[in-house]
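Sharing a structure, written as structure tokens. Questions coming.
Just so it is clear, A, B, C, D and E label the chains in written order, and each chain counts residues from 1 on its own.
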């Protein structure tokens, strides 16, 4: 920082887009007179090849160490000019851009004098700011080419296999004694009509013989520290404790069907759940002739106010299998809204109707009542209560989060929602990522999903993970916050205000921000009462300089 | 018969209460005391009730002794440290005051000088201990007194605590007060007799006389105000309705109070009637209650 | 930590009325942690002072500095000595102890407090601090499940609650829980309710002024 | 052999697949039929259940695709033929002429300001207009203009070339020709998305004949701040009247001028001119009265399952229609505090994460009325207001309710080119015409090395599309790495 | 006062309001030329001192323009900014400067019109309030 400041200003005509309103020559003259400015030039199109080479030439000729371009919006053109700076041998962050098109010539066309003055002001502010620009380097961090997959249901196993198929090593941990998750207990999968056990055995066999996958059953996750590319994981398996370094983590911890204790006279014998029905179907151990299924048993109610997505299709699927076994079975499905979204589901619903399954809607304020051998229900189309014979009542209960969701969320420092499903980074565009880099999500742990959806998400999560794994190192531009330890008062402010839980207190008792995790929002910088957090990109000094230059001195 | 004698005799006790006002005018209070003089065993004199600055309890208690009424001198820990408290007690004795009711006192923020420094050097329990110490001829620092008082110390208890924890704590503190020498208890106003009975069942083993509090309900509005603002007082809704429905509020008020007194007769050792300006109604209440 | 908050600007501006060269002196200890008097607040206050003077058309020079710990003489000395002739008055953003340390160390300079020192407290959440300790010199927390009746009971009662609580709240404020009920619940949880039954306590206040001496730590006279 | 991947379709699914692969260090070609990537999501105003502004969250992804060193954008392009096999496809691609040099165009927009040809704007569902030289939408990527040769005067043999004269970047090139070239890739991801069902097929709903019956996507544009009404919620009928008023005012101006010149020249009778003017004035006041009578939009109806779950049209469910309508109803309330919405539905399919909660909020906080029942018919009352006929299944009553605006939640149908693509590439389609996949390998088509994601595979919401895009990327990556 | 043209500093976040300003530009929506944008990654980056500095250094008004509530790219930066703006308003009241000189606005990247309207609204508002008392000399 001891070298003399030499700033070059480049002002774009953008054809007549800027030059039609602003006097570019006048702006150049104005810029030339500003402190530290060595040269100011105009270009017809600064973004064109002629413009960028003019910048590079000017840098050489004038020995510039800061570049200011006054043109259009940095949102589209900053990368281009930064690249030009880099090619000219200047750190790309010693560049500042002024938007005199979108923010000036285009919006003050009818007030040319004021627009001219404003453009001058904006250039003055940028030049003042440029004096305080600091070079920002990208830094690299090594990637452990290893993945930890937590959970070995269909989602976890699919992810693990997908990663192994791409040549990456995987550690798969499962808290149960056996791999396979929920599917182990199921009968058949619709619409593929394959036996669940077949599907799961096939995957388990594939995992067992895959050299790239190490699996641990009865394994409990205990501690995770570190950041993307470089997590340290500790888990225990019986009495043994294991530690390993992994680059990424996939959360595939699954969910579990609600046990409907106290609902609809559930007894596990005559009133059972869909999962219990599947076990019976598997054993072909069903004699009932009249069967009533009740949807939303324990779901979409105030204490569990979500739709579990898959239960309607589970019921429809099982109706069809029941019909296969017991041809003259009378089956009623009592539902609130049938969730048969898409092509195949709707087709299956139609098939069930055609097979004679009767669907009766009920309202939450008049739920069915299960009595001895029959079910009382208000029939909305008939407008009265009716009784349905029921040798067997099957409750469609929602998938709920596992009890350990909370503890896993704490260990991984990733959030869960009100229903204890893991919370993704963004509901629409990052459904499989966490806000915390390097940890991904799939299957029922995210939200109830069909086998097909869970598989899809598992492959997707593997793809997200591969982005990190495909590189030996991760590069990160240093536009992040960093603590100047000697100034830190250990007040915990940054820790409390960071939206991403990045800052922590290090072994020296001071706050530390892991640059690989920092998202660069600057909230902590603005809040730190000790002014101990540095933000080289748009630093306090730069903002101060811009403010001081608001008025011409 | 002095209050101490009445207490020791085991008879059903009746106490009343007067609160000195802001200023030096004591005429109407003396008049009120005169009306009930023959119907009560003692009259409590409050100590800057509700943390509002008023004429002192000691002075008015002394005036009552002049009238031949045995006062119960109320003393709170709010405004004086242990020096002042001990000194005032000695002064009170010299002025003929024999009964002391030890209280912690409301917080100054409740009153008209909310920014006064709260003292609370001693609370009700330590105040009682201190009285015991003075009675035994020593001050709190252990110095011998030349001439010792023989106060009859009493305390208060709030039986209407609105939750289990609060009630447990009240009872624990009551035990502590007894340990510290409290010889009788006066309670916060009782309206819900069933609740009070439950309380009595829990504390009857302590074998210390309890004098149940009765506040004359002047209006439904007052009842609602107390429900909202006075800790431990709850006027049941039917009683409020009775007050709203009546045409003759005074008559109704007396009738309700008498009803309560009648029931308290079977539950505790006395009643403490807080008439809040309606002292002249006290005889009617007692008459109707058959006392 | 000691918790303070900035005095109202009107009062502060009144205090510095006569001065043109002001050293705004923050402290990087407790008052930084409670966001009242750290380097950032020093900047804010200095800016406000300059803005005020600017609109009044009066000159002012503000110097911004912060000590590591203003209650520690060795932390102040180098900063203040270095700039001794650049300022007329010190506007200290430290707690009362810090202000007094400056006053003691530089008897020839006027030092003004920019903060009101409120209490020794804890950060309940970011932006909320509550009083926790009166520094009474005779800690009873061991008997009260870690809840201080001296501080948290409005009356500082040691022998149980007064009768003023309603619905578990203190008579002084509906937002304030009754400390004794809290203690009760905490002890019950810990299966230590019997702690409440111990002998009545009278609080003996420390003799003024407070002073703690550790002879083993004191400087040895070697002559 | 090639280790590159071609992604067909530049909607959110294609973009996600492209970025996943590019971020893994794989070279990706992203092909888009239209002049800009963005797809249907770019046309949405907000998205459920977060009410995020659609283009705001999508915009950065568009930039990223353009900037990424491993991606190559092939916009305004189509696949002509595919040969070869997994690991080694030869794809023949036609890049249509934009008549603009993409490298030179700075998207300054001056050309469009001066272009004399005005045509309906496809991006705004025909509710607004654009010029013959145009940018598909403001945030479109690549950020360059395109000349629509089907309407440009130059290509109709007429005199013009204004744009060439005005463009200082010298980017206009009327001589530009379509380019056909071949690309060698190892895997292909089909992300061609879907089309919105054309509800004019359902005569009883009056779409196309009743102005104020519109589709959900049209409604999105009406809500959008950069849409044709700048986010003022206006019904098409009032837009029509406004346009007519404008036109009439222009005519009046002309007529006045004519009258004046006649009077000046003092030639012939002015009677006829006066008569014309009077007639026009009368017409104008009539129109203005009509406009005033219309007032603001207050009652909106949403009709679900339009062309969906209906064996006459499409048996399948559109998967997002219920939530889409709830969202539009919620967002409407931001456009006028008095706006009330009613949703006519069959089953409320709020089955995704936070969807049910969103649906409940719609009722409780935003006062949306939900009526269970399929709409039988939409016609008009005497004032021209559209009226819904429907049996309320809960009340067991036939209802007849007038609304200011009726929004049709139209079915999701396969995109038009998918059949051709299926033929070219040799993958199978399902019963509804979407790309069929292996039930156990959800992105794998019947053609080896070709994967599918997003609505090309069937109706799905955005998060499902994005998840599936990543899944397809994973499969494609496996294929080109030669490990799969 | 008729020809008083206020100077207004705008702290604008990269993701939404800066993009909205760009959209206002590409849509050629005209608004008063009184604002000067200082770009920040997120409005959560804007500290109390930044706003005060902008006022001290000569602007007649300052506003912070962040993303719509619930859509901050950094989850809650705009909420933080809103709170800080309110705090600055309180500080200004304390030294007798009109708190209305400082405002918080929320807008999405798609709201070019809103950006222009806000610029207009703020310019009009500051015109009404008048010169900043900190730079009376400027005309």
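In the analysis below, a residue touches a chain if its C-beta (ideal position, glycine included) is under 8 Å from a C-beta of that chain, and two chains touch if they have at least 3 such contacts.
All values reported here derive from a predicted model rather than from experimental measurement.
Listed by label, the chains touching subunit C and subunit E alike are A. Among the chain pairings, A-D comes first (most C-beta pairs in contact).
The chain with its Cα centroid farthest from the Cα centroid of subunit C is D. Greatest centre-to-centre distance from subunit A is found for B, with centres as Cα means.
Centre-to-centre, using mean CA coordinates, subunit B is 81 Å away from subunit D. Mean C-alpha position of subunit C lies 62 Å from that of subunit D.
Each chain gets a centre from the mean of its Cα atoms; for subunit D and subunit E, those two points are 34 Å apart.
Each chain gets a centre from the mean of its Cα atoms; for subunit A and subunit D, those two points are 27 Å apart. Contacts with at least two other chains are made by residues 50, 52, 57 of subunit D. The multi-chain contact residues of subunit C, meaning those touching 2 or more other chains, are 40, 43.
Along subunit A, residues 75, 101, 497 each make contact with two or more other chains. Counting only pairs that meet the touch rule, the chains in contact are A-C, A-D, A-E, B-C, C-E, D-E.
Taken together, the subunit E residues at the contact with subunit D in this complex read 15-16, 19, 23, 26-28, 67-68, 70-71, 108-114. Residue ranges on subunit C touching subunit A, taken from their complex, read 28-29, 32-35, 38-41, 43, 123, 125-126. Residues 78, 82, 104-107, 109-110, 118, 120-126, 129, 140, 156-158, 161-163, 165-166, 168-170, 172-173, 175-176, 179-180, 188, 231-232 of subunit B are the ones touching subunit C in the complex. Considering their complex, residues 487, 489-493, 496-497, 528-531 of subunit A touch subunit C. Residues of subunit E that touch subunit A in their complex: 5, 7, 9, 14, 18-19, 21-22, 24-26, 28-31, 33-34, 36-42, 44-50, 53-54, 56-59, 73-77, 80, 84, 116, 135, 138.
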